[in-house]
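This is the structure I have questions about; it appears just below.
Chain naming follows the written order as A, B, C, D and E, and within any one chain the residues start at number 1.
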Amino acid sequence: MAILKVKDVSKRFGGLKALTDVNLSVEENSVHAIIGPNGAGKSTLLNCLVGKLIPDTGSVLFDNQSVLGREPYQINQMGISRVFQTPEIFGELTVMENMLIPIFAMRDGAFRMHAYETIANEKEVVEQAEAMLEEMNMADKRHMHSASLSRGDKRRLEIGMCLSQKPRLLLLDEPTAGMARADTNNTIDLLKQIKDERDITIAIIEHDMHVVFSLAERITVLAQGTPLVEDTPENIRGNPKVREAYLGEAA
Amino acid sequence: MNEKPDFSRNANMASTAPSFLSVWDMHSYYGESYIVQGVSFNVHEGEILALLGRNGAGKTSTLRSIARVNEPEVRHGEIWLDHKPLHNMTSYEAAAAGLGLVPEDRRIIPGLTVEENLQLAQIAPPIGWSLERIYELFPRLGERRKQEGVTLSGGEQQMLSIARALARDIKVLLLDEPYEGLAPVIVDEIEKTLIHIKQQGMTTIIVEQNAVRALQLADRAIILDTGCIVFDGTADEVLENTQLREEYLAI
Amino acid sequence: MLGLNKKDTSLLIIVAILTLLAPFILNPFPTDSAMAQFNAGYPDLMQRFVIFGIFAIGFNILFGLTGYLSFGHAAFLGVGSYSAVWMFKLLSYNVIPAIALSVVVAGLFSVLIGYVSLRRSGIYFSILTLAFAQMSFALAYSVLSNPKFNLTNGETGLQVYADDPQILQGANAPDLPHLFGLPMRATYTMDVGAWSFDFNAGYYLCAVIMMVVFYLAIRIFRSPFGMMLRAVKSNQQRMNYTGLNSKPYTLAAFVISGMYAGLAGGLMAAMDPLAGAERMQWTASGEVVLMTILGGTGTLIGPVLGAGFIKYFENIFSKINDNVLHSWFAFLPDGLEDAVVFIIHPFIGKGWHLTLGILFMLVVIYLPGGLVEGGQRLLNWIRRKSVGGDDTREGKTEPAE
Amino acid sequence: YTNEPTGGTVTLGFNVPQTGPYAEEGNDELLAQQLAVEHLNGEGDGGCLNTFTSKALKGNGILGKKVEFVTGDTQTKSDAARASAKSMIEKDGAIMINGGSSSGVAVAVQGLCQEAGVIFMAGLTHANDTTGKDKKANGFRHFFNAYMSGAALAPVLAKEMGTDRRAYHLTADYNWGWTQEESIVASTEAMGWETVNTVKTPLASTDFSSYIAPILNSGADVLVLNHYGGNMVNSLTNAIQFGLLDKVVNGKDFKIVVPLYSELMAAGAGENIKGVLGSMNWNWQLQDEGTKAFVKSFGEKYGKPPSNSAQTCYAQVLLYADACERAGTFNPCGVVEALEGFEFDGLGNGPTLYRADDHQCFKDVLVVRGNMNPTNAYDTLEIVEITPRAQVEYAPDHPMFAGGELGKCNPGA
Amino acid sequence: MDAILLQILNGLDKGSAYALIALGLTLIFGTLGVVNFAHGALFMIGAFCAVTLQKIFNLSYEVIDETQTDFLGNPLKVKTPYVESWFGPELGATIIDWSVPLAILFAIPIMLMVGYVMERGLIKHFYKRPHADQILVTFGLAIVLQEIIKYFFGANPIQTPPPAALSGSVDLGVALGFDPNAIIYPIWRLVYFLFAVVIIGGVFSFLQFTTFGMVVRAGMADRETVGLLGINIDRRFTIMFGIAAAVAGLAGVMYGPLNPPNYHMGMDFLVLSFVVVVVGGMGSLPGAVLAGFLLGILESFASTTWATTTIPGINQIIIYLVAIIVLLTRPRGLMGRKGVMEE
């Protein structure tokens, strides 16, 4: 069953048509990759899914409910988490606190006035955060201010934050860019693992074909704001149009 | 540490050719955090040097130290470019002396259009490529010249960042993860450009997580680990040495 | 203790000891000595220290945690004062209902202003709050004090008149603010040798309230809620995409700090039953901003220190006049005495602004973290001296919270 | 009673604006008060001690105790003024508070002194309320008030401008402004003037052009500026800029009236006050003995003539001291009793009465005009008329002063 | 009709003052990103440049005149300004008369220097510090400057009259066909308006027709990157600050004849000028100027009898009311740039 259905979505920026009549559906518990040249509209599409942008036309259904017109936090509460192309973390907070916040958000909802409680007393939240840090290989950095992390570490932290929310749909915008090869591989493994364990759906944008081909079950190629093809990885790799427009030697 | 083979035999120090850029015993700090811990290397004119290492190894910090920005602060060491002491300079003096940095987070200036971002690079002499030539290499930027720089797609921003460095007549190009977020075909394009400008005598230091690609391009390679050089040799040596690759690059 | 970790507990205990012993600590000089000018241990100033401390603690919950810089918090203080005095006029001189009402009214008022102002962020938010506060000030100063509808009594300030209803005022209750019969003005003076110490009922009421709200502030700082507020400051975008609605968080912080301001205003009126419109002017809002920054934004104790610092200068330095100077330097030969007085003269008395201005600059230039950082540096220095100087690594400045 | 002096000294508290727009005024008050202390302690030339009709003061302090003083900064804000008064009372043991430069502050501090049980002598405060609805038993006002300004000005205005005039009022939008407007409107209308318009201007205004501009079109031929301090300096300057005084309206020369003048404002307004009428509590150019003695004393010490607020504060210190001597105690209730209904002369302005009903002082009021040809920096104003006291008196229950109760004197603890 | 025109005219000169101050402030606050609470003080110092020059011209020697007496009855010292004895009484008097316009020449170098010293000595260290720190340090500086002026010139306002030729008023109404006395307008206010237009035009063209403005804006957004492009941004910031100080100072010099300068005139304008800048939109010069004139005119209208009787007290709150409405309907003020000071 398709958990995410994008129908006829278009988006213009002034004179520029960033998206034209995009149709896409993502199957539940699958990994769906979106690839395409720079400026094809991939990030724009993602922005339409999480409420950062409102498409000019079309509809977006998540679990058969429309996400359009909802605030980003409401969409997140529906079960969509997103990793940004440039890491978005709480720079002035420590790594540990960064990890706690999404877990609180998942447990307590969009707002809760827990002003008289102490973080240390929230044992289970702290434990979950610890576990996630372990999983992301960042436990030793838990007291660092996250702004002073190196770039790859910031990205790993952000992924961890999203994963800790146990979303039903995880949107990843170039999650492994700038990540060391070893960690890229770890991340691939982690994503595979949680997808299986936690019954999660993943939509991923990536230029690193190694990542795309190791993870994706289906791939949509976007070019100039419209889907060019949608197919299995093998077929995409073999598609001459895609090779020429996008893959180049990497294929 | 003991079991690790000693790769840092520093071939180039022994070399007789006069080095163009040389870094000698450089130590840099972020506040009290000691990050670059005594790095020394030489680069010859017209050479491409790959600077590799894990996340948080100190690659960015090394490049930034050479570019003389305020953070990290170089507390000890010397940096010479073409007989000029960079270590006594501020960042704009270093830039005037012929250094160009393409920072990892792209640093497109908000509030300025694409074209203004490029014009900005041509205010202080020496002036390099003309805007026409830049738009020829990156037609996408030409199409978007009136758009605000920060609204570009991730890959387009990366192009702009590289273009901005080329718009100045520099002698040494410092590239911090230039391929990140770029479509494979574009990466091919940029690679060609790098080879092209190398032939015209440009000296380049490239930091890249996609180590294989970087090594194919580079003449020499340095591997950093926790702020120290653990290997300094030719690019081919790294490609051939599986132990080294597994240990530090996981490839 | 009380759900606080060790560090916070000791901070709270230190603050408690300092406030309770303030009459001693602030009066270190014998009453008749030349240095007695520097004594600050008289009821009015001690009350001001804690009341402005409360104001600044509350302000810091908004500004220190969320980074939203309100330039209109004095409006809540003013509203608090007005409500308290109205309570005195209508009900009785008992301070409890007055203080309670001032907190409630300031809270409601801040819901209103906060809801609108928080639709913008950054400097736009600051200017919105400033505009609301300046409007409140203008209304209080003139429009709402016209003879037909006199809510504020304008420039003079709202006060209690003999013909006010005071329906609950008991026949033999004191004719000035009191706590169930204990007048706020009541002061016990203890003379010990050349020293004299004042123990004032009003001060102790304020002090106890301050300790309670200080404790609450610690709880807020350490709570998940406090963390969320810091997250608002750090990255609202990320917050929204993490499923958190930042609006109610900031509004809650705004209202809490508005209620602190209202409480401070109510206490001011309780100590001195007059509510003046100048309390709402932008300079008053600016003052609490300065107090907070001066003490150390985002630190727990900083705002209280900043408040004390500014109030001390306002009340002590402004009162040093040339006569006092001459009496200090009387031991010098005449010519020299005059010269010294001449040099110091511009900085004291009517020149106290100058001294304050210079100190603002010095503190912010040399102690970027405010007075708290100064204290920390001093502590580290002492510690290093005593240990022998090999724990520099430990002395690394941590963010003080 | 509060702060009963036990040693060989008695401390007075001088609470004046030392910062903010009225700092200059406050400074003058402070100088005069210091002078008064000197004279009380028998230093200097004795000033008005020699001319004062009450001879209780001997130049040996008050009741044999040497007079000392402490100073505070009111900042011309009610809150700050009360804070500094409190600190003088609580910390320094001041037994009376003297001085100030605005009605808001005067009322606020007066209320405080009533509660704390010390005597308050008001300084410069011109609003009717100070001895009207906000009067207090512990407080006294030597200064005149808005009602008196109106009563003194009206006949002179009638004489100089005729009784067929149309007045336009610009009024500072706060309590003092309103009472002054009310008083002037009442007294000018009583003599036949018509009030065309009364416009309130925000206290914070620095530029009055938009209020001045419509005046010529309104049919008015007199502009009354119910402004004080910086407001008055600017509104008058603006009015001159617009050339109002050069105009002829309704066949008459356009005139400007500033009901409350002070020397410092006159200096600030410079050339612009030439020929403009107003009223004053006192002026150094008066020729009575008390004035001459004080001006001489002050002028020789400080090199400039005193302002009328300085004179007020000086006189008040002497009056307070004298009352203590006569009462034989510092007890505020004794002082109040000694001052109530006290009649004296020799402190300037001729015979003077401190009325018991409201603690307002009654004496001659001056009508002055901006000097057309000043010969030095200090004779910016010339005295047009010394309005006799009888003409400015009013019944204690006059409607402009109604409400409020004097209450009982409070000796404090 | 004439009443409306009159209030527009009145608004224009009030607006010129707001616009000029806001213009200077926007260069520092909107462009350099420094919350400069000392900007009002710069305006005030400008005005006191005129006062100082006037005092210098009036420096006199004293001759004792036995025929006249001073207030204590001593012989009067008659003062004659040196300028009059050097240049002859007529030219000397003219020089004194024209001291305000002449003060422009006097103020430019002084203000540039004040700006230079202030930026190099203090502000430079605060570009990267939080706004709160900037507020504290510039507020401290403002107090210090203010107190210094007060120490030397006193708290009382000091008249700086315009030259006789430019004082008085003209009847614009007659020229436009209205009744006499319908639209009277002081000459100096016209001068002030024209002066403001010239200064605004000058600053605009400097920033618009050169890359200077762009570089400074870029430098504010990201100093480091601009430095990496070989640009000495510090120097440009200093120049920018100097210009801003000069603009503020000149606004002050010319303002003196409208309302006599006093030491706290800067603070009186400070809050208002921040409001103007923000309503105009952060980082936008045209925005600041537009908002300055707009608020000036609205304030004039709000002070008409008609307005104050319709809504009592509207003249007290109009500026803030407009600010609130603008900021709520237009997120970034009238013409604000995205991202400038929104965090």
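Some notes on this structure:
We adopt the following convention: contacts are C-beta pairs under 8 Å (C-beta built on N, C-alpha and C of every residue); 3 or more make two chains touch, one makes a residue touch a chain.
All values derive from a computational prediction rather than experimental measurement.
Counting steps between touching chains, the shortest path from subunit C to subunit E takes 1. Taking the mean of C-alpha positions as each chain's centre, the chain lying farthest from the centre of subunit E is A. With centres defined by CA atoms alone, the chain at the far end from subunit C is B. Remark: subunit B and subunit E have CA centroids separated by 48 Å (rounded to whole angstrom).
If you average the Cα atoms of subunit B and of subunit C, the two centres end up 52 Å apart.
Mean C-alpha positions place subunit A and subunit B at a centre distance of 29 Å.
Subunit D has residues 23, 27, 173, 200, 202, 204 in contact with two or more other chains. Annotation for subunit E: residues 313, 316 touch two or more other chains. The set of subunit A residues touching two or more other chains is empty. Those residues of subunit C that touch subunit A in the complex are listed here as 3-5, 216, 219-220, 222-228, 230-231, 233-235, 237-246, 248-249, 252, 256, 399. Those residues of subunit E lying in contact with subunit C across their complex are 35, 122, 125, 129-133, 135-137, 139-144, 146-148, 151, 271, 274-275, 278-279, 282, 312-313, 316-317, 319-321, 323-324, 327-328, 331-333, 341-343. Residues 39, 42-45, 48, 138, 141-142, 145, 147, 153-157, 159, 161-163, 176, 185, 187, 198, 272, 274, 276, 278-279, 314-315, 318-319, 321, 323, 349-350, 352-353 of subunit C are the ones touching subunit D in the complex. By the touch criterion stated above, subunit E contacts subunit B in their complex at residues 211, 214-215, 217-218, 221-222, 224-233, 283, 337-340. On the subunit D side of its complex with subunit C, the touching residues are 18-19, 23, 26-27, 69-73, 77-80, 82-84, 86-88, 90-92, 102-104, 107-108, 111-112, 115-116, 129, 133-134, 173-176, 178, 200, 202-204, 403-405, 407.
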